[in-house]
Amino acid sequence: MNTLETFVHVLDLIGTFVFAISGAVAAVNRRLDIFGILVLSFVAGNFGGITRDLLIGAVPPAGLTDGRYLLVSVFAGLITFFWYAGVDRLRSPVLLFDAAGLSLFAVAGAQKAIEFGLNPMMAALLGMLTGIGGGMTRDVLLAEIPQVLRSDLYAVAALAGASIVVIGYVLGLSYGVSALAGGGVCFGLRFMAIRYDWRLPVAHLSARGRAEANPSDEEPPR
Amino acid sequence: MNTLETFVHVLDLIGTFVFAISGAVAAVNRRLDIFGILVLSFVAGNFGGITRDLLIGAVPPAGLTDGRYLLVSVFAGLITFFWYAGVDRLRSPVLLFDAAGLSLFAVAGAQKAIEFGLNPMMAALLGMLTGIGGGMTRDVLLAEIPQVLRSDLYAVAALAGASIVVIGYVLGLSYGVSALAGGGVCFGLRFMAIRYDWRLPVAHLSARGRAEANPSDEEPPR
Amino acid sequence: MNTLETFVHVLDLIGTFVFAISGAVAAVNRRLDIFGILVLSFVAGNFGGITRDLLIGAVPPAGLTDGRYLLVSVFAGLITFFWYAGVDRLRSPVLLFDAAGLSLFAVAGAQKAIEFGLNPMMAALLGMLTGIGGGMTRDVLLAEIPQVLRSDLYAVAALAGASIVVIGYVLGLSYGVSALAGGGVCFGLRFMAIRYDWRLPVAHLSARGRAEANPSDEEPPR
């Protein structure tokens, strides 16, 4: 068990590192300075879990009390700052590590939400949020629509993985089993989505809707 | 009393539904995929109350523990996704439902803040935040300046309704009375603002200010 | 001691006022209405501390329970609304007051984080967040990349001041001494950064990175 915990913790730090890389790369592409790069590294790597902890009342969040997450994030930011060209070349492998991090965050996030007494449906959603929240906050800080809201099967994969953990809990399966199943499904979905460019459908717009789709001050009804 | 509670709860779900529609419509207009549409539906319908609950320490927020709010939000998102043209035609009635939802959220939000011991002034503001927070978060996720910050009497109507509830509490009136009065004033103000396009004043800019008003990297003093 | 506390509280309100002015000026430049101006005043003046309080579990946040912060913020917003040209002329002195507010917020924020049991490294970061969080939220609400993420030594000065307070705490020095030292260093760094336009380095971009740096839908790896 202790070995498993260590294993999971190492995976957790790896996931944080990979997510932090994504924040640092985005910050470099937007010409942020070294401080901005480190902030986006920490945000992308940790705000999914921090947001979940705020919502379930687990304060101060683990991302703030365990210094290792900060160190890993800063490390990712510095690597990207000093070695951007190299990081830039590693996109494909990074996507796989990112899928692994997403799977782990979704599974661990759902489990933590269950432990804090959330109902199963919400626990699954909070697991998904743990996986996608960091990237969403990263994009909000960059004044962009979060990519996860209009792209491929990213969030759906996280939700599927988290849901399996919750279902396993409801069925009384051991966490180890459902965690492996949920993580595997999330990773597999991500892998297929990247491999075959699977995407989610977009709604059909009326002419009026298309008109509004162009950036303008007109707004939908509040 | 029990009937009143049921009535209020039904109104609450209706308000959530209408706000969720506004989020879904905005998401469709920005070409988000079905997942993004559902996220914006939930955010627009529930983040006002969730933000209030986080600020007053009521965690986990009711929006996360009572699954009906999620179901209503998802339902609103799916209707908009599959039947956008129809939803698009319903703008005027939606505006009225929206005014009703705003009134209800502002009144209920102020009452909850009072129950959690906030001082009257802050309770009124948190009531307003309950009404406008969902739409603000929706716009932030769409990388836009929240419409409520530069439009008509939307927030002011919510603040007026919430303030009446707080004043009634300070004067020792029964919640039912002050809630009806506050909700009525909020709804009436919104109705008049829509009917006669009432707007709030905007500050006069110096030449220098106007120059900066154009999107640019120059910034106001921090 | 009581005199010191009063002194610190007065400084705190002055810092809130100056930060609120920055929010109001930004809101006027973006053509927000009077309500939007007051919201940005409150956000810029208080959300650094409010965010810190949410993260360390100090709810409801002091910015919501002590009405004076709201009154000072509203006052700053009204002054800017009715007397924009005058406020606009006061930029240089405002920058100095802003540096004072930043120093105070960073020092007080770090101390509060220590009192709530955060580890020293995180206490220093939360002190920094207390200083920069208001301006960051202001820029996010204006759909802009927070200026602090790509500008001069603003955040670094706050971090330096907060770190000195934390180090003083670890070394067992009296809070008064380390607070004065930390505040002085933060103010000094800000003053020099403004005076000599000190800036932080920006990463070198690959050709590919530069291509992406232009606003576009392409994204960094998540």
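Each chain gets a letter, A, B and C, in the order it is written, and its residues are counted from 1.
In this text, a contact is a pair of C-beta atoms (placed from the backbone, for glycine too) under 8 Å apart; a residue touches a chain by one contact, two chains touch by 3 or more.
All of these numbers come straight from a predicted model, not from anything done at the bench.
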{"item": "Magnitude of the superposing rotation for subunit A and subunit C (Cα, nearest 5°)", "value": "120"}
{"item": "Interface residue overlap between copies subunit B and subunit C, same or different (over half shared)", "value": "different"}
{"item": "Averaged-CA centre spacing for the pair subunit C and subunit B, given as whole angstrom", "value": "28"}
{"item": "Contacts with two or more other chains, residues of subunit B listed in rising order", "value": "54, 140, 143, 148, 151"}
{"item": "Residues of subunit C that touch subunit B when the two form their complex", "value": "19, 21-22, 25-37, 39-40, 50, 54, 59-61, 64-65, 67, 70, 80-82, 84-85, 88, 91, 94-95, 98, 102, 135, 140-143, 147-148, 151, 154"}
{"item": "Partner subunit A, residues of subunit C touching it in the complex", "value": "54-57, 116-119, 121-122, 125-126, 136, 140, 143-146, 148-151, 155-156, 199-206, 208-209, 212-213, 219-222"}
